[in-house]
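Labels run A, B, C and D following the written order; every chain starts at residue 1.
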(Lines give C-alpha, C1' and ligand atoms only; values in the text may rest on other atoms or scores of the structure.)
Protein backbone atom coordinates (compact mmCIF):
# COMPACT_ATOMS: atom_id res chain seq x y z
CA UNK A 1 0.00 0.00 0.00
CA UNK A 2 1.90 3.01 -1.25
CA UNK A 3 -0.18 5.76 0.30
CA UNK A 4 -0.35 4.64 3.91
CA UNK A 5 -0.47 7.66 6.19
CA UNK A 6 2.23 7.88 8.85
CA UNK A 7 5.74 6.71 9.61
CA UNK A 8 7.12 3.59 11.29
CA UNK A 9 9.62 5.18 13.71
CA UNK A 10 8.80 7.89 16.24
CA UNK A 11 10.78 9.47 19.07
CA UNK A 12 9.40 11.58 21.94
CA UNK A 13 12.37 13.27 23.60
CA UNK A 14 10.84 14.88 26.69
CA UNK A 15 8.86 12.44 28.80
CA UNK A 16 8.27 12.93 32.53
CA UNK A 17 5.42 11.52 34.58
CA UNK A 18 3.89 14.14 36.89
CA UNK A 19 2.13 13.16 40.12
CA UNK A 20 -1.66 13.23 39.91
CA UNK A 21 -2.00 16.46 41.93
CA UNK A 22 -4.98 17.90 43.79
CA UNK A 23 -7.16 19.23 40.99
CA UNK A 24 -10.39 17.79 39.59
CA UNK A 25 -8.45 16.46 36.62
CA UNK A 26 -5.56 14.19 37.46
CA UNK A 27 -2.05 14.84 36.20
CA UNK A 28 -0.88 12.25 33.71
CA UNK A 29 1.21 11.53 30.62
CA UNK A 30 -0.07 9.82 27.53
CA UNK A 31 0.95 8.74 24.03
CA UNK A 32 -1.76 8.76 21.39
CA UNK A 33 -1.35 6.48 18.36
CA UNK A 34 -3.44 6.53 15.17
CA UNK A 35 -3.48 3.57 12.80
CA UNK A 36 -5.02 4.59 9.47
CA UNK A 37 -4.31 1.25 7.77
CA UNK A 38 -6.59 -1.74 7.27
CA UNK A 39 -4.46 -4.02 9.45
CA UNK A 40 -3.40 -3.80 13.11
CA UNK A 41 -0.09 -2.14 13.98
CA UNK A 42 2.35 -3.85 16.36
CA UNK A 43 4.68 -1.44 18.10
CA UNK A 44 7.92 -2.01 20.02
CA UNK A 45 8.43 0.65 22.68
CA UNK A 46 11.90 1.65 23.92
CA UNK A 47 12.45 3.83 26.99
CA UNK A 48 15.69 5.84 27.27
CA UNK A 49 17.08 7.15 30.54
CA UNK A 50 19.82 9.54 31.65
CA UNK A 51 22.01 7.11 33.51
CA UNK A 52 20.98 3.54 32.73
CA UNK A 53 20.36 1.26 29.76
CA UNK A 54 17.20 1.27 27.69
CA UNK A 55 14.08 -0.66 28.70
CA UNK A 56 12.62 -2.61 25.79
CA UNK A 57 9.99 -5.02 27.16
CA UNK A 58 6.91 -3.05 26.12
CA UNK A 59 4.76 -3.92 23.13
CA UNK A 60 1.60 -2.12 21.98
CA UNK A 61 -1.07 -2.96 19.43
CA UNK A 62 -3.43 -0.54 17.69
CA UNK A 63 -6.30 -1.97 15.67
CA UNK A 64 -7.01 -1.15 12.03
CA UNK A 65 -8.56 2.33 11.61
CA UNK A 66 -8.40 3.02 15.33
CA UNK A 67 -6.84 5.51 17.75
CA UNK A 68 -5.51 4.43 21.13
CA UNK A 69 -4.33 6.43 24.13
CA UNK A 70 -1.64 4.77 26.24
CA UNK A 71 -1.19 6.13 29.77
CA UNK A 72 2.30 6.07 31.25
CA UNK A 73 0.88 5.81 34.81
CA UNK A 74 -1.10 2.73 33.80
CA UNK A 75 1.11 -0.26 34.59
CA UNK A 76 -0.95 -2.44 32.29
CA UNK A 77 -0.35 -0.09 29.34
CA UNK A 78 3.36 -0.22 30.22
CA UNK A 79 3.35 -4.06 30.27
CA UNK A 80 4.27 -4.14 33.95
CA UNK A 81 6.93 -1.41 33.92
CA UNK A 82 6.46 1.20 36.67
CA UNK A 83 7.39 4.64 35.33
CA UNK A 84 8.99 6.70 38.13
CA UNK A 85 7.55 10.15 38.92
CA UNK A 86 9.40 13.36 38.03
CA UNK A 87 12.18 11.58 36.16
CA UNK A 88 13.51 12.48 32.73
CA UNK A 89 13.12 9.79 30.09
CA UNK A 90 12.44 9.49 26.35
CA UNK A 91 10.48 7.06 24.24
CA UNK A 92 10.85 5.41 20.82
CA UNK A 93 8.01 3.68 18.98
CA UNK A 94 9.01 1.27 16.21
CA UNK A 95 5.95 -0.03 14.38
CA UNK A 96 5.67 -2.75 11.75
CA UNK A 97 3.29 -0.48 9.78
CA UNK A 98 2.73 3.27 9.46
CA UNK A 99 1.31 5.13 12.47
CA UNK A 100 0.97 8.74 13.67
CA UNK A 101 2.04 9.64 17.23
CA UNK A 102 1.37 12.55 19.60
CA UNK A 103 2.52 13.05 23.18
CA UNK A 104 0.47 14.83 25.84
CA UNK A 105 1.04 15.73 29.47
CA UNK A 106 -1.43 17.24 31.91
CA UNK A 107 0.30 18.83 34.87
CA UNK A 108 -1.80 19.60 37.91
CA UNK A 109 0.84 19.97 40.60
CA UNK A 110 0.00 23.58 41.41
CA UNK A 111 -3.80 23.21 41.40
CA UNK A 112 -3.92 24.80 38.02
CA UNK A 113 -4.02 22.87 34.81
CA UNK A 114 -1.08 23.05 32.40
CA UNK A 115 -0.70 21.22 29.11
CA UNK A 116 2.38 20.13 27.22
CA UNK A 117 2.13 18.51 23.80
CA UNK A 118 4.03 17.78 20.61
CA UNK A 119 3.84 15.40 17.72
CA UNK A 120 6.67 12.91 17.92
CA UNK A 121 9.72 13.22 15.70
CA UNK A 122 9.15 10.84 12.80
CA UNK A 123 11.09 9.36 9.95
CA UNK B 1 0.91 24.60 -9.88
CA UNK B 2 4.18 23.20 -8.63
CA UNK B 3 4.79 25.52 -5.71
CA UNK B 4 1.49 25.25 -3.86
CA UNK B 5 2.09 25.58 -0.12
CA UNK B 6 0.82 22.73 2.05
CA UNK B 7 -0.03 19.06 1.88
CA UNK B 8 -3.18 17.14 1.00
CA UNK B 9 -3.35 14.68 3.90
CA UNK B 10 -3.24 15.64 7.59
CA UNK B 11 -3.76 13.65 10.78
CA UNK B 12 -4.41 15.06 14.26
CA UNK B 13 -3.88 12.19 16.72
CA UNK B 14 -5.07 13.65 20.01
CA UNK B 15 -8.56 15.14 19.83
CA UNK B 16 -10.84 15.48 22.86
CA UNK B 17 -13.67 17.95 23.30
CA UNK B 18 -13.60 19.62 26.74
CA UNK B 19 -16.77 20.97 28.36
CA UNK B 20 -17.13 24.74 28.16
CA UNK B 21 -16.23 25.31 31.84
CA UNK B 22 -16.93 28.29 34.10
CA UNK B 23 -14.38 30.84 32.92
CA UNK B 24 -14.91 33.97 30.83
CA UNK B 25 -13.56 32.12 27.80
CA UNK B 26 -15.34 28.90 26.95
CA UNK B 27 -13.48 25.62 26.56
CA UNK B 28 -13.47 24.34 23.00
CA UNK B 29 -11.58 22.44 20.33
CA UNK B 30 -10.88 23.73 16.86
CA UNK B 31 -9.12 22.87 13.62
CA UNK B 32 -7.71 25.77 11.62
CA UNK B 33 -7.21 25.31 7.87
CA UNK B 34 -5.30 27.64 5.53
CA UNK B 35 -5.81 27.51 1.79
CA UNK B 36 -3.03 29.43 0.02
CA UNK B 37 -4.15 28.43 -3.47
CA UNK B 38 -6.27 30.35 -5.97
CA UNK B 39 -9.09 27.78 -5.90
CA UNK B 40 -11.29 26.46 -3.05
CA UNK B 41 -10.20 23.32 -1.21
CA UNK B 42 -12.69 20.51 -0.57
CA UNK B 43 -11.81 18.37 2.42
CA UNK B 44 -13.05 14.94 3.51
CA UNK B 45 -12.88 14.56 7.27
CA UNK B 46 -12.51 11.16 8.96
CA UNK B 47 -12.95 10.65 12.71
CA UNK B 48 -11.22 7.67 14.39
CA UNK B 49 -12.32 6.17 17.69
CA UNK B 50 -10.94 3.70 20.21
CA UNK B 51 -13.62 1.07 19.95
CA UNK B 52 -15.81 1.70 16.91
CA UNK B 53 -15.52 2.26 13.17
CA UNK B 54 -14.55 5.57 11.59
CA UNK B 55 -17.09 8.31 10.91
CA UNK B 56 -16.72 9.75 7.41
CA UNK B 57 -19.77 11.94 6.68
CA UNK B 58 -18.11 15.31 7.20
CA UNK B 59 -17.01 17.57 4.37
CA UNK B 60 -15.40 21.02 4.67
CA UNK B 61 -14.66 23.76 2.16
CA UNK B 62 -12.09 26.53 2.49
CA UNK B 63 -12.15 29.37 -0.03
CA UNK B 64 -9.18 30.46 -2.13
CA UNK B 65 -6.62 32.47 -0.08
CA UNK B 66 -8.66 32.09 3.10
CA UNK B 67 -8.29 30.67 6.61
CA UNK B 68 -11.18 28.95 8.36
CA UNK B 69 -11.63 27.79 11.94
CA UNK B 70 -13.86 24.75 12.41
CA UNK B 71 -15.22 24.19 15.92
CA UNK B 72 -15.76 20.62 17.07
CA UNK B 73 -18.59 21.69 19.43
CA UNK B 74 -20.40 23.36 16.51
CA UNK B 75 -22.75 20.71 15.11
CA UNK B 76 -23.04 22.67 11.87
CA UNK B 77 -19.27 22.60 11.35
CA UNK B 78 -19.40 18.85 12.01
CA UNK B 79 -22.17 18.38 9.41
CA UNK B 80 -24.62 17.14 12.05
CA UNK B 81 -22.26 14.87 13.97
CA UNK B 82 -22.33 15.44 17.74
CA UNK B 83 -18.81 15.07 19.17
CA UNK B 84 -19.01 13.52 22.68
CA UNK B 85 -17.30 15.31 25.57
CA UNK B 86 -14.11 13.98 27.17
CA UNK B 87 -13.71 11.15 24.68
CA UNK B 88 -10.52 10.22 22.84
CA UNK B 89 -10.71 10.47 19.07
CA UNK B 90 -8.48 11.40 16.13
CA UNK B 91 -9.05 13.22 12.85
CA UNK B 92 -7.84 12.93 9.26
CA UNK B 93 -8.25 15.66 6.66
CA UNK B 94 -7.94 14.59 3.01
CA UNK B 95 -8.07 17.60 0.71
CA UNK B 96 -8.27 17.75 -3.08
CA UNK B 97 -5.65 20.54 -3.00
CA UNK B 98 -2.82 21.61 -0.68
CA UNK B 99 -3.76 23.00 2.74
CA UNK B 100 -2.04 23.68 6.08
CA UNK B 101 -3.68 22.46 9.32
CA UNK B 102 -3.30 23.30 13.01
CA UNK B 103 -5.22 21.93 15.99
CA UNK B 104 -6.06 23.98 19.08
CA UNK B 105 -7.81 23.23 22.36
CA UNK B 106 -8.76 25.66 25.10
CA UNK B 107 -9.38 23.91 28.40
CA UNK B 108 -11.20 25.85 31.07
CA UNK B 109 -12.39 23.07 33.35
CA UNK B 110 -10.48 24.28 36.41
CA UNK B 111 -11.29 27.99 36.07
CA UNK B 112 -7.87 28.58 34.67
CA UNK B 113 -7.08 28.69 31.02
CA UNK B 114 -4.87 25.99 29.47
CA UNK B 115 -3.89 25.65 25.83
CA UNK B 116 -2.93 22.62 23.79
CA UNK B 117 -1.79 22.95 20.18
CA UNK B 118 0.15 21.25 17.42
CA UNK B 119 0.41 21.37 13.67
CA UNK B 120 -1.13 18.23 12.22
CA UNK B 121 1.07 15.43 10.90
CA UNK B 122 1.28 15.93 7.14
CA UNK B 123 2.45 14.06 4.10
CA UNK C 1 25.53 27.70 -0.08
CA UNK C 2 24.14 24.21 -0.06
CA UNK C 3 23.79 23.62 3.66
CA UNK C 4 21.84 26.69 4.73
CA UNK C 5 19.60 25.83 7.68
CA UNK C 6 15.89 26.54 7.25
CA UNK C 7 13.25 26.93 4.58
CA UNK C 8 12.03 29.89 2.53
CA UNK C 9 8.25 29.49 2.96
CA UNK C 10 6.43 29.22 6.30
CA UNK C 11 2.76 29.22 7.22
CA UNK C 12 1.28 29.75 10.70
CA UNK C 13 -2.37 28.69 10.53
CA UNK C 14 -3.75 29.78 13.90
CA UNK C 15 -3.08 33.42 14.67
CA UNK C 16 -5.24 35.46 17.05
CA UNK C 17 -4.20 38.54 18.99
CA UNK C 18 -5.34 38.41 22.63
CA UNK C 19 -5.96 41.58 24.64
CA UNK C 20 -3.16 42.44 27.06
CA UNK C 21 -5.10 41.32 30.17
CA UNK C 22 -4.62 42.21 33.84
CA UNK C 23 -1.61 40.10 34.81
CA UNK C 24 1.97 41.20 35.39
CA UNK C 25 2.89 39.88 31.98
CA UNK C 26 0.92 41.29 29.10
CA UNK C 27 -0.90 39.08 26.63
CA UNK C 28 0.62 39.19 23.16
CA UNK C 29 1.36 37.28 19.97
CA UNK C 30 4.77 37.02 18.37
CA UNK C 31 6.63 35.46 15.47
CA UNK C 32 10.27 34.58 16.05
CA UNK C 33 12.57 34.33 13.03
CA UNK C 34 16.12 32.93 12.99
CA UNK C 35 18.52 33.73 10.16
CA UNK C 36 21.51 31.36 10.28
CA UNK C 37 23.01 32.63 7.03
CA UNK C 38 25.77 35.19 6.48
CA UNK C 39 23.48 37.64 4.69
CA UNK C 40 20.27 39.41 5.78
CA UNK C 41 16.92 37.79 5.00
CA UNK C 42 14.11 39.83 3.45
CA UNK C 43 10.66 38.45 4.18
CA UNK C 44 7.28 39.16 2.57
CA UNK C 45 4.45 38.62 5.06
CA UNK C 46 0.92 37.70 3.94
CA UNK C 47 -2.08 37.76 6.30
CA UNK C 48 -5.10 35.55 5.51
CA UNK C 49 -8.58 36.18 6.86
CA UNK C 50 -11.87 34.31 7.04
CA UNK C 51 -13.98 36.66 4.97
CA UNK C 52 -11.77 39.11 3.12
CA UNK C 53 -8.77 39.20 0.81
CA UNK C 54 -5.18 38.81 1.96
CA UNK C 55 -3.14 41.70 3.26
CA UNK C 56 0.35 41.80 1.73
CA UNK C 57 1.96 45.16 2.62
CA UNK C 58 4.27 43.88 5.37
CA UNK C 59 7.99 43.33 4.89
CA UNK C 60 10.47 42.14 7.52
CA UNK C 61 14.26 41.96 7.62
CA UNK C 62 16.39 39.74 9.84
CA UNK C 63 20.14 40.37 9.93
CA UNK C 64 22.81 37.75 9.26
CA UNK C 65 23.22 35.31 12.19
CA UNK C 66 20.48 37.02 14.19
CA UNK C 67 17.13 36.18 15.77
CA UNK C 68 14.26 38.68 15.76
CA UNK C 69 10.93 38.67 17.56
CA UNK C 70 8.09 40.46 15.74
CA UNK C 71 5.09 41.47 17.88
CA UNK C 72 1.68 41.46 16.25
CA UNK C 73 0.42 44.19 18.62
CA UNK C 74 3.32 46.42 17.57
CA UNK C 75 2.05 48.53 14.69
CA UNK C 76 5.61 49.34 13.66
CA UNK C 77 6.47 45.62 13.36
CA UNK C 78 3.32 45.23 11.25
CA UNK C 79 4.34 48.13 8.94
CA UNK C 80 1.29 50.18 9.95
CA UNK C 81 -1.29 47.39 9.85
CA UNK C 82 -3.47 47.23 12.98
CA UNK C 83 -4.19 43.61 13.86
CA UNK C 84 -7.71 43.32 15.34
CA UNK C 85 -8.17 41.61 18.72
CA UNK C 86 -9.74 38.17 19.06
CA UNK C 87 -9.99 37.60 15.31
CA UNK C 88 -8.94 34.48 13.43
CA UNK C 89 -6.21 35.01 10.87
CA UNK C 90 -3.20 33.17 9.44
CA UNK C 91 0.24 34.22 8.28
CA UNK C 92 2.67 33.29 5.52
CA UNK C 93 6.34 34.24 5.50
CA UNK C 94 8.12 34.10 2.13
CA UNK C 95 11.81 34.79 2.51
CA UNK C 96 14.49 35.32 -0.14
CA UNK C 97 16.83 33.08 1.90
CA UNK C 98 16.43 30.23 4.40
CA UNK C 99 14.94 31.05 7.82
CA UNK C 100 13.39 29.16 10.76
CA UNK C 101 10.07 30.37 12.22
CA UNK C 102 8.20 29.80 15.48
CA UNK C 103 4.90 31.28 16.65
CA UNK C 104 4.14 32.12 20.27
CA UNK C 105 1.10 33.49 22.09
CA UNK C 106 0.84 34.52 25.72
CA UNK C 107 -2.76 34.66 26.90
CA UNK C 108 -3.48 36.48 30.11
CA UNK C 109 -7.19 37.14 29.81
CA UNK C 110 -8.12 35.16 32.92
CA UNK C 111 -5.34 36.45 35.21
CA UNK C 112 -3.49 33.23 34.69
CA UNK C 113 -0.79 32.78 32.14
CA UNK C 114 -1.34 30.38 29.24
CA UNK C 115 1.05 29.65 26.39
CA UNK C 116 0.43 28.47 22.86
CA UNK C 117 3.29 27.69 20.50
CA UNK C 118 4.25 25.78 17.37
CA UNK C 119 6.92 25.84 14.74
CA UNK C 120 5.44 27.06 11.48
CA UNK C 121 4.67 24.66 8.66
CA UNK C 122 7.62 24.82 6.29
CA UNK C 123 8.53 23.68 2.84
CA UNK D 1 24.56 3.13 9.74
CA UNK D 2 21.83 4.03 7.32
CA UNK D 3 18.83 3.88 9.62
CA UNK D 4 20.00 6.07 12.48
CA UNK D 5 17.04 7.93 13.99
CA UNK D 6 17.29 11.70 14.06
CA UNK D 7 19.01 14.58 12.32
CA UNK D 8 22.34 16.34 12.84
CA UNK D 9 21.21 19.99 12.77
CA UNK D 10 18.47 21.47 14.95
CA UNK D 11 17.28 25.04 15.52
CA UNK D 12 15.08 26.28 18.37
CA UNK D 13 13.89 29.76 17.42
CA UNK D 14 12.16 30.99 20.57
CA UNK D 15 14.33 30.72 23.66
CA UNK D 16 13.87 32.92 26.73
CA UNK D 17 14.89 32.12 30.27
CA UNK D 18 12.14 32.95 32.79
CA UNK D 19 12.95 33.78 36.41
CA UNK D 20 12.31 30.94 38.83
CA UNK D 21 9.11 32.48 40.27
CA UNK D 22 7.30 31.82 43.55
CA UNK D 23 5.58 28.49 42.89
CA UNK D 24 6.48 25.04 44.18
CA UNK D 25 8.02 24.24 40.82
CA UNK D 26 10.70 26.59 39.65
CA UNK D 27 10.55 28.32 36.28
CA UNK D 28 13.21 27.09 33.87
CA UNK D 29 14.14 26.39 30.28
CA UNK D 30 15.57 23.12 29.03
CA UNK D 31 16.69 21.33 25.90
CA UNK D 32 16.21 17.56 25.82
CA UNK D 33 18.43 15.51 23.52
CA UNK D 34 17.99 11.82 22.63
CA UNK D 35 20.85 9.79 21.18
CA UNK D 36 19.51 6.52 19.73
CA UNK D 37 22.85 5.45 18.29
CA UNK D 38 25.47 3.09 19.73
CA UNK D 39 28.11 5.82 20.04
CA UNK D 40 28.16 9.13 21.96
CA UNK D 41 27.02 12.30 20.18
CA UNK D 42 29.13 15.46 20.38
CA UNK D 43 27.15 18.65 19.87
CA UNK D 44 28.25 22.20 19.10
CA UNK D 45 25.76 24.74 20.46
CA UNK D 46 25.33 28.19 18.92
CA UNK D 47 23.32 30.97 20.59
CA UNK D 48 21.81 33.74 18.41
CA UNK D 49 20.84 37.15 19.73
CA UNK D 50 18.90 40.16 18.49
CA UNK D 51 21.67 42.70 18.54
CA UNK D 52 25.02 40.99 18.95
CA UNK D 53 27.11 38.22 17.41
CA UNK D 54 26.58 34.54 18.07
CA UNK D 55 28.05 32.76 21.07
CA UNK D 56 29.69 29.46 20.12
CA UNK D 57 31.72 28.22 23.11
CA UNK D 58 29.28 25.55 24.30
CA UNK D 59 29.75 21.83 23.67
CA UNK D 60 27.47 19.01 24.84
CA UNK D 61 27.85 15.23 24.88
CA UNK D 62 25.05 12.67 25.03
CA UNK D 63 26.00 9.03 25.64
CA UNK D 64 24.96 6.13 23.42
CA UNK D 65 21.29 5.16 23.89
CA UNK D 66 20.72 7.93 26.42
CA UNK D 67 18.57 11.02 26.90
CA UNK D 68 19.93 14.17 28.54
CA UNK D 69 18.21 17.32 29.75
CA UNK D 70 20.30 20.49 29.57
CA UNK D 71 19.12 23.40 31.74
CA UNK D 72 19.73 26.91 30.44
CA UNK D 73 19.87 28.31 34.02
CA UNK D 74 22.61 25.81 34.89
CA UNK D 75 25.90 27.57 34.19
CA UNK D 76 27.70 24.23 34.11
CA UNK D 77 25.39 22.93 31.36
CA UNK D 78 26.08 26.17 29.47
CA UNK D 79 29.88 25.72 29.81
CA UNK D 80 30.19 28.89 31.87
CA UNK D 81 27.89 31.12 29.82
CA UNK D 82 25.32 33.00 31.92
CA UNK D 83 22.02 33.18 30.03
CA UNK D 84 20.29 36.51 30.81
CA UNK D 85 16.68 36.45 32.08
CA UNK D 86 13.75 37.56 29.91
CA UNK D 87 15.87 38.04 26.81
CA UNK D 88 15.09 36.75 23.32
CA UNK D 89 17.62 34.32 21.90
CA UNK D 90 17.72 31.24 19.68
CA UNK D 91 19.78 28.06 19.67
CA UNK D 92 21.35 25.78 17.08
CA UNK D 93 22.60 22.27 17.82
CA UNK D 94 25.05 20.77 15.32
CA UNK D 95 25.83 17.16 16.19
CA UNK D 96 28.41 14.82 14.69
CA UNK D 97 25.77 12.05 14.70
CA UNK D 98 21.96 11.89 14.54
CA UNK D 99 20.00 13.18 17.55
CA UNK D 100 16.41 14.23 18.35
CA UNK D 101 15.79 17.55 20.14
CA UNK D 102 12.87 19.06 22.08
CA UNK D 103 12.64 22.41 23.85
CA UNK D 104 10.65 22.99 27.03
CA UNK D 105 9.95 26.00 29.20
CA UNK D 106 8.16 26.10 32.54
CA UNK D 107 6.93 29.58 33.38
CA UNK D 108 5.93 30.24 36.95
CA UNK D 109 6.04 34.02 37.09
CA UNK D 110 2.38 34.44 37.95
CA UNK D 111 2.18 31.68 40.58
CA UNK D 112 0.48 29.48 38.07
CA UNK D 113 2.28 26.96 35.95
CA UNK D 114 2.47 27.45 32.18
CA UNK D 115 4.24 25.23 29.68
CA UNK D 116 5.74 25.98 26.29
CA UNK D 117 7.21 23.25 24.12
CA UNK D 118 8.11 22.31 20.56
CA UNK D 119 10.35 19.89 18.77
CA UNK D 120 13.22 21.76 17.20
CA UNK D 121 13.32 22.45 13.48
CA UNK D 122 15.51 19.74 11.96
CA UNK D 123 17.19 18.98 8.70
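To be clear about the criterion, a contact is a pair of C-beta atoms (placed from the backbone, for glycine too) under 8 Å apart; a residue touches a chain by one contact, two chains touch by 3 or more.
Please read these numbers as outputs of a predicted model, since none were measured by experiment.
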Numbering shared by both copies at the subunit D-subunit A contact, with half separating same from different = different
Request  = Find the geometric centre of each of subunit B and subunit D from their Cα atoms only, then give the gap between the two centres in Å, rounded to an integer.
outcome  = 31
Task = With chain centres taken as the means of their Cα atoms, state the distance from subunit B to subunit C in Å.
result = 22
Request  = Could you list the positions in subunit A whose residues touch two or more of the other chains?
outcome  = 112, 114-115, 117-119
Inquiry  = Tell me the shape of the graph of touching chains, choosing from line, ring, star, complete and other.
reply    = ring
Remark   = Listed in rising order, the residues of subunit A that touch subunit D in the complex are 9, 11-14, 48-51, 53-54, 88-90, 92, 105, 107, 109-110, 112, 114-119, 121, 123
Ask   = In the complex of these two chains, what residues of subunit D are touching subunit A?
value = 5-6, 23-25, 30, 32-34, 36, 65-69, 100-102, 104, 108, 111-115, 117-119, 122
